[in-house]
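Letters A, B, C and D name the chains as they come in the text, with residue numbers starting at 1 for each one.
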Amino acid sequence: MTTVFNVEYAAKKIIEAFPDSVAVVVKVAVVVNSNSLYQVAEFLKDTSGFEFDYLNNLTAVDYIDYFEVVYNLNSLEHNHSLVLKTRCYDRNRPVVPSVISLWRAADYQEREIYDLMGITFEGHPNLKRLLLWEGFMGHPLRRDYL
Amino acid sequence: MRFERYGVGIAKGMALTLRNFFRPPITLQYPEDKLVISRRLRGNELVWYPDRCTGCATCAKSCPQGNIEIITHVGDSNNYVVDKFEVDTGRCMFCGLCVESCPYEALFMGLGYERAQYRRGQLVLSKEELQPSDIRQPSGYARPKVEQTLPRQSLLINWDKEKEEGGQKLSPLPMRKRRKGNGL
Amino acid sequence: MTLLEQFQLWLASMWPDWAAYITPAIVGILVIIIFVLTMVMVIIYFERRFMARFQIRLGPNRCGPEGILQPIADAIKVLFKEDIVPAKGDKLVHWIAPIVVFVPILMIFAVVPIHKGAILVDLNVGIVYVVAISSLSTVGIYMAGWAANNKYALISALRTIAQMVSYELPVVLSILGVVLMVGSLSMNQIVDSQSIPFILLQPLGFIIFFLGTLAEMNRCPFDLLEAESEIIAGYHIEYSGMKFALFYLGEYGHAVAYSCIITTLFLSGWRGPLLPPIIWFLIKIMVVFALIVWIRSTIPRLRVDQLMAFAWKCMLPMAVINLFIVAAEVLWLPEVFPWIMIAVNFAFACALVLLWSKLFVLGGGRVEV
Amino acid sequence: MAIKTEPFILNMGPQHPSTHGVFRMKVTLDGEVVVDVEPVIGYLHRGIEKLAEGRTYTQNIPFTDRLDYLASMTNNFAYVLAVEKLAGIKVPERVEYLRIIVAEMMRISSHLMAVGFFLNDLGAMMTPMLYMFREREKLLDLFDMVCGQRLTYNYMRIGGVSQDIPDDFLPALKRFVAEMPGFIDEYDQLLAENEILLVRTKGVGVLPKDLAINIAASGPVLRASGVDWDIRRDDTYSIYDRFDFDIPIGNVGDCYDRYWVRMQEMSQSIRILEQAIAQLPEGKVCADVPQLLRPPIGEVYGHIEAPKGELGFYLVSDNSISPYRFHIRPPTLINLTALKDMVIGWKVADLIITFGSMDVCLGEIDR
């Protein structure tokens, strides 16, 4: 049975390593600032005790005020999971650093979010539309689309 | 990579195909030879009993596609009279949610499955077309009482039993049965 | 003296020479075309029904009683189809290719004895003629692949050439074993000298020849050039209508032709007890073809490098060794004891197959790019 | 004189016999050798994630049928589990068993398709595929009996299943469970020792262990690479902890291992089915759930071990009758990430079988 990693503890450790990186800790997730996302993700992947080597799921939610990018992390070794989130408030040009160099699982998922939600992942080597065709107007999964 | 087993594996495979050569084929000659389909089949769009329908439109609300269109007016004895009950079956995905949600058992899934039409417009079924008829029999989906009255489904797993016992008897030479209308 | 020559002599007694010469030729050609077309129809129907039963299906059974008119219905359908030529294809080559594929296959039948004396021309180099003519249709396939201006077709065409070049050698070498035993290249003489079928005398030669011909007629497991899961239909991907039908005829005509050749070379041709020779001949063709269908319905396909490796590393050395063994036997073993020869050859065949299974590596792995 | 060659681009798909749907690959070939592959998807995109935002939680169940249409039952299962987790619904005991019975039947059915089409890609002329279709047909008959459809079942409901199983179901399923191991042995006899199959698949399309974890491969693809990870055991959902089953692990991660893992998983599913049939209790088949469910505000990621891998549903609720965000984690799309690494340097034929051995379903990839 996968245990849910203690969010408070994770947040504490992350703040120890990178002060000012954690924006807010909600009940189920650690929300980090988007500019320090990559460092935190690297920390979570490589630090012993965390070792989140498996990126289950990567998605984004449009909360009108901001976009939330959700990373469901899992560790096959310790069998625990953690939800990492980041928010970007700029609706016209939301940018989040890409984690593809840590987990290649993010490849298609980041492209899909770019396609459907319009969030740019900085550092993605091949950020093209995945499901829709090039030249499609708008990003359909945003709440204000149509 | 080598052929380390001297072709024994290939020989075994060929022996197996030969064994299947003498097994009865499992295909059926469709228009002449039909299976008894499931008692709960979700086929042939909907069967609608107007006398039981109160016009509550629960089915229309439960439809994921919004296919069911109901227009009612209030009748003499303070009831709803259904003016229009129309289903665009070209968009229907046969999920059966409308049948499950009907509180008065006025709506059934149909038992038929040969529902091809030449025009898309013919797929929009009106109030009259939805009522039960010879080709439009109600199925037992979500209706246990109807289900008990229908014949048993013929299963391929019972390949050694007759159709009446819920089987699908396979004969080694199914072509011995002469068909009518043998046509080129 | 073949039947046609007798016919010609009989005509010459009353008609002028030129007519007596030309009429039997035309009659013979017509007979062969009718024979080939009928056999192809029969074999297409036979394969579809037979393979269906291997696959626990029924196969075509709607047209006519038990579906025997299915090939005719297919032919009519295909005749009425639109003939499409790719816009950027090579139109002339596209047009010629099906003919180049089909005609050589018809020509093979000129030297196939289907009955005692029933042969169009009893060439004294009959089997060499067969080998020479049968590889001509490869040119047609290459033309088709080239003319279609389609990448799948091009891959297929190149595969054909490689395959044909590789498999021609073991086939010819295994034929040489038969020729050594008979002492003649004439097909009639080959049949005449088979009081014991050569499949018993030369099991290894038969296996090599059979596998080689499977590759030459592009049958499973060597059907790389029309591997439908990889390159869809291969060289005839851009063909439709009657041109496609010619390829189809060619493919099955090839199968019939090689069934005939295998029957003639290894299964003692039309010879057999009780039944008339022509019936024996047809039965043997069908048995060979049934074996081909059986293999087709069971075995997956080889990869292209494995196909080459199989030809050059397994079949060619084995064919050479087989040739030497047969030559030695013909030279030194007394002809009165064929049973010794059968035993020795079976032992050699088993030993070689076991040895090659252990020794040789099929194909390469990943290529660094 | 050296012959000058140059690579050329072959456009495989969207209409191609072995792309298992409308998948397109831009393949750069150097002769027969694959130099580069670029998958292009989206030809079957229906926007299910967007459609689901405008429908109630129950109305979304038919849409999940249409994701991986070869394993509709497990899609239903994953979705209803996620919603139940979100709304905190406890389902009756009988429902848990029924769901596991149909989910394991679905796994057998999906693996039969996967292996059958994989062998078809190898060029086995439909024969093994049709043998496997025969067994799948028996299962589809049973699904038809339970829920009235053969492909899009729409069987599970939030808090239960739509209807109880009919009387004929269990005897027929028992017979299937008794007969199926014999057929699995037959398939092994047909192909597992076949030299050509071994030559074609052993060592081809290797997915190394660390890469498999890094791309978050899941299901048989992950296990064939030697990673001992099965959500049924490692993140137990429903009542899988009550059953005794093994998890087959490959050791190389080549096409043969993926084929082998699937064959073994079918046997294990039959073991689970045997136990579940024996333990099946009586009882209600649906918990009391309001027709218009309004889960509390929150979010949930529920994942299950679908036949093709980890199928996850990420749901966000705003306490209305429809989900605020409905995200599907399709297993095969993420498995496809590794396709390029697996096929570069191999021949075209290997590209086809490697792709076939990953068992993709375009309904799920494109959504």
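Points worth noting:
Just so we're on the same page, a residue touches a chain if its C-beta (ideal position, glycine included) is under 8 Å from a C-beta of that chain, and two chains touch if they have at least 3 such contacts.
Not measured: the values here are computed from a predicted model.
Looking at contacts between chains, the pair that accounts for the most C-beta pairs is B-D. When every chain is represented by the mean of its C-alpha atoms, the one lying closest to the mean of all protein C-alpha atoms is D. Subunit C and subunit D have Cα centroids separated by 44 Å. Per-chain Cα centroids separate subunit B from subunit C by 49 Å. With centres set at the average Cα position, the gap from subunit A to subunit D is 26 Å. The residues of subunit A never reach two or more other chains; the list is empty.
Residue positions 1, 3-5, 7, 10, 13, 16-17, 20, 26 of subunit B are each in touch with at least two other chains.
The set of subunit C residues that touch two or more partner chains comprises 54-57, 297-299, 306, 362-363.
Chain-to-chain contact here is organised irregularly, matching neither a line nor a ring nor a star, and falling short of all pairs touching.
Listing the residues of subunit B that touch subunit D in their complex gives 1, 3-5, 7-10, 12-13, 15-17, 20, 26, 37-43, 62-64, 93-97, 100-101, 109, 139, 141-142, 144, 147, 152-153, 155-158, 166.
Every residue of subunit A that touches subunit D in the complex is listed here, in rising order: 1-2, 28, 53-57, 59, 61-62, 70, 72, 76, 79, 81, 83, 103-105, 107-109, 112, 116, 129-133, 140-141, 145. Within the complex formed with subunit B, the subunit D residues making contact are 55, 58-63, 65-66, 127, 131, 134, 137-138, 141-142, 144-149, 152, 154, 162-163, 166, 168, 172, 175-176, 179, 186, 189-199, 202-203, 291.
Every residue of subunit D that touches subunit A in the complex is listed here, in rising order: 41-42, 45, 47, 49-50, 211, 213-216, 227, 229, 234-236, 241, 298-299, 301, 303, 310, 312, 314, 316, 324-325, 327, 329, 333-334, 336-338, 366-367. Listed in rising order, the residues of subunit C touching subunit B in the complex are 52-58, 61-66, 69, 73, 294-295, 297-299, 306, 353-354, 356-358, 360-363.
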